[in-house]
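For reference, the structure I am asking about is given below.
All chains are identified by letter, namely A, B, C, D and E, in their written order; residue positions are counted from 1 within each chain.
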Amino acid sequence: MTGCERDSADAVIDKDGMDALITILAARGRTVVGPTVRDGAIILAEISGGAELPYGWGVELEAGRYRLVARDDGAAFAHSAGPQSWKTFLHPPRVREWSADRDADGTIVVTADDTPVPAYAFLGVRPCDLRAIAVQDRVLTGGRYGDSAYRRRRDGAFLVAVECTEPGATCFCVSMETGPAVGPGYDLALTEVLDGDGHRFLVRAGSGEGAAVLAELPSRAADSATRSAARDRVAEAADRMGRTMPLVDLRTLMRETLDAERWNDVTSRCLTCGNCTMVCPTCFCTTVEDVTDLTGDHAERWRHWESCFDRDFTHVPTGPVRDSPRSRYRQWATHKLGTWYDQFGSSGCVGCGRCIVWCPVGIDITEEAHALNRERGRSTAQEAG
Amino acid sequence: MTHRGSRVLHVGSLSRVEGESALRLNLIGDRVTHARLAIYEPPRFFEALLRGRSYTEPPDITSRICGICPVAYQLSACRAVEDACGVVVDGQLAALRRLLYCGEWIESQTLHIHLLHAPDFLGRDSAIDLARTHRSDVERGLRLKQAGNTILELLGGRAIHPVNVRLGGFHRVPTVAELRPLAETLLRARDDAAQTVRWVAGFEFPDAECDHDLLALSEPGTYAIESGTPTVMPAPRTAGPRPDGNRAPPTRTFALPTFGDHVVEHQVPHSTALHSRLDGRRHLTGSLARYAISGRWLSPLALQAALDAGLADPRQAAVCRNPFRSIIVRAVEVLYAVDEALRLIASYEPPLRPAVPVPPRPGTGHGATEAPRGLLYHRYTLDARGTVTDAVLVPPTAQNQGAIEEDLRRQVQDRLDAGDPTDAALTALCERVIRNHDPCISCSAHFLDLTVDRAGPAR
Amino acid sequence: MPTDETPGGAPRRPTLAVWKFASCDGCQLTLLDCEDELLGIAEKVDISHFLEASSATAPGPYDLSLVEGSVTTPRDVERIRHVRAVSRRLVTIGACATAGGVQALRNYADVAEFQAVVYARPDYVAALATSTPIAAHVPVDFELRGCPIDRGQLLEVITAHLAGRTPGVPRHSVCFECKQRGTTCVTVAHGTPCLGPVTHAGCGALCPTMGRGCYGCFGPSDSTNLPAFVPLLRRDGMDTLDVVRVLRTFNTAAEEFDAASRDEEELR
Amino acid sequence: MTVPVPYRVVAHRVDTPDTATIVLEPADAALPPFAPGQFAMVYAFGVGDIPLSVCDIDGPRLAHTVRTVGAVSGALHDVRIGRTVGVRGPFGTGWELSEAEGRDLVVVAGGIGLAPLRPLVLAALATPERYRRLNVLIGGRTPDDLLYCGEPWQAAAGVRVTVDRAGPAWTGEVGLVTTLIDRADFEPPRTAAFICGPEPMIRATAADLVHRGVDPDRIRVSLERTMHCGTGHCGHCQLGPLLLCRDGPVVGWTRAEPLLMVREL
Amino acid sequence: MSVVRHGFLGALAPGHRDRLLTFAREACFPAETRVFEEAGAADRFWLIRSGLVALDIHVPGRRAAVVETLGEGDLLGWSWMFEPYRWHLGARCHAAVTAYEFDAEPVRLACAEDPAFGLAVTRCVAEVIARRLKATRTRLLDLYGFPGGGTP
């Protein structure tokens, strides 16, 4: 009877179970990537055991500020988004797309890059990031031409989501309806519970492979206390979001404020350094670079992350289309919150707050949206008056 | 006085040296009256521009004096400022500094041997030209050079003007695992270095002798690189050419803070370039001096290679004073640096912190290290806030310039005595003589653009 | 095999010249630091003038000239015009050539005073009052930044020249590279002052990777906002003097750094 | 991500001092068929690729008119017959001539903007029964810069040409291409218009057509931004809500106009 | 007739158009005819019904440079409306031209006497000038010219 329950829905594992999970995933030939402490931050890196998880570490976040802080509860996942996102692995910063060789008579042979890609297992995908992966899925594989480099990595990836119980001061997933409870798309979903009954994880399977991995895990049947503790912790997290977006249709807001004064204000602060786009888990823009070797007969096409904050991003023969910093910040924000819908059917923002934290000068997209909304309100009022 | 038979030989631009210099020889008949090395490297005023900078900045700023030995500048600056602040960096941090310095020695000396100097012995214009006939030797040199650069890049971030050196140590220290692949590279490099010693030992060396005092740092128990006490080996009193392997006279040392009392800069009447003299005499720093003073502390492997290459045994107080053979000494030093780097990696344990704190305090500090081209001395005076109020930099080339000019005069004279060489032959000879000492011309802190004295030899 | 030109009309190898002005030689040394590629380069291009590496020089004109160093003497003002005249394509390499180098600190001082510090007979020194980039004297086809330049970028400039391609040398901030490398931001995570957001990419974000703040050795990026950026340096502990110093180091004569340092100096 | 397919250069014609037309034939397998108005990313070996619309579609053969403005276009402009280039595509939207059936056609080209319109005109000429009057209006910089002069279709289509600057030998019209609209023979409410050229020319032309009474929904324009990937993945060619490599380059004027009015969008 | 339907006359209300046409007479110019010379007295104007007229500027040592051509429906000449009533440009028929020709003075008088008519005609002429100015400015951009290098 208990076995039946375990197969069908959820189970509980403890800290050792986390170790076992990593071992099982590795045994299945997967490269396990998860959070770990390095260089004073919780980063995402290959891990080989549970001990490398950031047990006892949390983060303190503010606009333009990130600090690692010790926690006394020993939690592994009581931290919010870090300096990287999963796109580092699924949509890597640099990819060779193809190479071409030219023989003596000028004939060109083009070879698509088929460097083997790792079969990843991502451990600790936050609900906002799970949504971000879904957003990139639509961008990069949803259209007529799939991005094969992305698809190969994505198809092989096993996602272990972890519900969010410790939102940061810069988080606003509730506004974007992406968290803190996990949405669809995971193979396994965990909720970390720490209370008088010990340190444990409620586990649910979201796919066939997830169920198979769960079946291999040393686990016990989920008890109602754990379930409700997990539910409560996630629900409490929803009430502790550090940021909110204005409660309006952001897409319309962006469309109607293209000429707002506020863009000038943000431009006086924006460094156009590109950090927000690099840390954003959905920003997908790339540029290509053609390289040749010294013989001149071997050429390669590489692509790397690019950003709409780069002046050369919109370079046409006469110069950059978006030359002013104002136009570049506006492009980023309106794309993320507005025109993304037109292009890909959803918002491009998942409310993870990375762009706020990792902006060196702390520009806050939620604050900008509020300011735009206020400005629109004022001008509407003036027109009405 | 007659003008007949007098001529001026002007080598417009010296090639295969770092930096820019020209040479002017004045001859009357078959007598060399002047050999003047003109540095037209534009002055860059480092000593002046360091004034008013923060005491943390000299390592990065002075690095820019020379792209070919930036670590020498960085570490001399660190030592001088740390000395002013009363801080001693030791243990694994000191070992890492020595490892970094070994990287520079390997890179810089190999560059000199294979790319700049060896073509002279084999009658080629350049290493690229040399590669047509000696490809494997050039490739070995490049490989060896790359091994040195690999150390610099791993520890310093990049080979030229590394970014990781700071007062008190480093910004970041490597893990043991990060150093491990380096050892594999260096094992191969050790074979290459040994092969290079054998290769250069087979070159033909003209008979030559220099009778300058030799100056190098010495540190009992080790071949001094990144620290040591200034040590002088005076020239033998007897005149006239002697074969290699003269018995070395006893050495004397002086305390680093008295460097300025011993090594004195002065202007010579015919030139605006500053020359240095050691206790009033011409002196030479660099490989020949180091080998003479510290040679007995070479690793067994390097020492054996030196002996096999025909160098006299420094343990027997023998000295090599033939500047043409300095290429062998440099090759031995490369082998030693590779060997030493392997030893340092094997005994590496990551220090607890990447740097010790160096709080500023008013005062003057001195630092000297053995740059590939010789002893490099820095002196800084700081105020209470740590602002540099005075800086003195004495690069090896400034010290060697007098010795080089004397070598030039002597070599040209010997050549004239042996027959009537063409200007082209003399030019080639002079370039070789200068490259024997690898003048690091871009160490321009002290060099001027010469106003060529056209009064000529008949005055 | 070298493809030496033949009377039969085999393609002539492009000629390369390397020139030095006031500098440390580090940037031209970068060419010799291309250990894996040096002999290959020598097969593809005719290195016609490279005094640091070769005593053989061939007369111009040269297809590609790499120019290192800044202009600091009256003689160099003339010499750079000659170099321009004999060069089809002139590429400046390194901070001295593109932004005056560290020696451009004299631009803020009385050069006579500088000379007096170093030289007993300063009247012999033929130095200009300023150290200026090459582009202040002659038209430049491409500027490769860095103190020193990056080896990979130098190879890109050379291979791009051979292939007739525009070199893939981005002009955006160091932050792009830092993030692509996966380095945690030292400013945001540690409060370390870092010039990355206003500095031209190209080094591969070396300093932040070493846990150190960028010190701007590639000069300003093509899109800076120093008035917004400088307060960040102060927040992270730099005083006005520190700010002036960090902006006036290796890219002193770069317009954006120069302007910001002057603004800052007015506050003192 | 798509991989370039080798095409051999089988013909090369110099059109103007800075423009040439290259004709390509698949070296092996051909790409799917291109429609008029669509573009290809054409790769010059080792130099890079640029978006080029097709100016002729003849079975598997493609033709592109290239104007030298940079390294890649320069390399393609100078490419020799027999060499291989790489082609990706077809990308983007076409002119959708079928939606103009039963209407007067006004085709307005500025400069090299004639290249993507050429296959449209050829298609219209091939089935004259489907359309009413055909007006082809061409603006050029100087008489020397005019493309495809003397090609038979120009006479068949009764093209009207005006130049910005005329030399003494020019006996044709002088003025902006919009001046031709006033004299063109079409019935605005029953007209479909197709415009390609520099953006200010597109704006001026579309505004005049609308002024004349042409339904903005019946005006299609071809816009230009930095196309890199062609597949909608690199983000370079965004114009507000549009990804021009996917949603363009041919866009309805109703859609395009408000976007072009926003500076630096 | 398109000249009535659009162009200059098309912009006038029917009443004003009819009134203006009362001043018109038919004119024909064979090809190559010079209609007026730069700086000559601007005492007439035309509405072109067919053919092509080139407006040119005299440049010493060069053939007159054509700066614009006018065709069917276009107003030829507006200098008659403003003092000192001198032609700003010269006009020459490229091809045979048929036109409505108007004497300037009676039209000016009519405009003065009937402010509503005068305003309508003036507005139409101003609109023509504005459009030509706009087109000229656009041409100044040298839109199809060299973009000045760059990539790709």
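Quick note on the criterion: a residue touches a chain if its C-beta (ideal position, glycine included) is under 8 Å from a C-beta of that chain, and two chains touch if they have at least 3 such contacts.
Predicted model, so just to flag it, every value in this text is computed and none were measured.
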(message) Hopping along touching chains only, can you work out the least number of steps from chain A to chain D?
(response) 1
(message) On the document's contact criterion, could you list the chains that touch chain B and likewise touch chain D?
(response) C
(request) Would you identify the chain whose C-alpha centroid lies closest to the centroid of all protein C-alpha atoms displayed? (result) C
(request) Averaging each chain's C-alpha atoms to get its centre, pick out the one most distant from chain D. (result) B
(message) By raw count of C-beta pairs in contact, what's the busiest chain pair here?
(response) B-C
(message) Report the chain whose CA-based centre is farthest from the CA-based centre of chain C.
(response) E
(request) Calculate how many whole Å lie between the centre of chain D and the centre of chain E, each centre taken as the average of the chain's C-alpha atoms. (result) 32
(message) I'd like to verify one number: the distance from the centre of chain B to the centre of chain E, where each centre is the average of its C-alpha atoms, in whole angstrom.
(response) 84
(request) Compute the distance, rounded to whole Å, between the mean C-alpha positions of chain C and chain E. (result) 59
(request) Can you check how far apart chain A and chain B are, centre to centre, with Cα atoms defining each centre and the answer in Å? (result) 53
(message) Where in chain E do residues touch two or more of the other chains?
(response) 147, 149-152
(request) Could you list which residues of chain C touch at least two other chains? (result) 163, 165-166, 211
(request) Specify, in ascending order, the residues of chain B that touch 2 or more different other chains. (result) none
(message) Under the stated contact criterion, what part of chain D meets chain A in this complex?
(response) 1-6, 27, 43, 45-49, 69-70, 82-86, 224-226, 228-236, 238, 240-243, 246-247, 262-265
(request) Sort out for me which residues of chain C touch chain A in the complex. (result) 37, 40-41, 43-44, 156, 158-160, 162-163, 165, 168, 170-173, 175-176, 179-185, 187-191, 194, 196-198, 211, 221-225, 227-229, 232
(request) Provide the residue numbers of chain A that touch chain C in the complex, in ascending order. (result) 38-41, 43, 64-68, 83-84, 88, 93-94, 268-275, 278-279, 289-296, 299, 304-305, 307, 309-312, 325, 328, 357-358, 360-361
(request) Over in the complex, which chain D residues touch chain C? Could you list them? (result) 46-48, 70-72, 74-75
(request) Could you pull out which chain C residues touch chain D in their complex? (result) 163-166
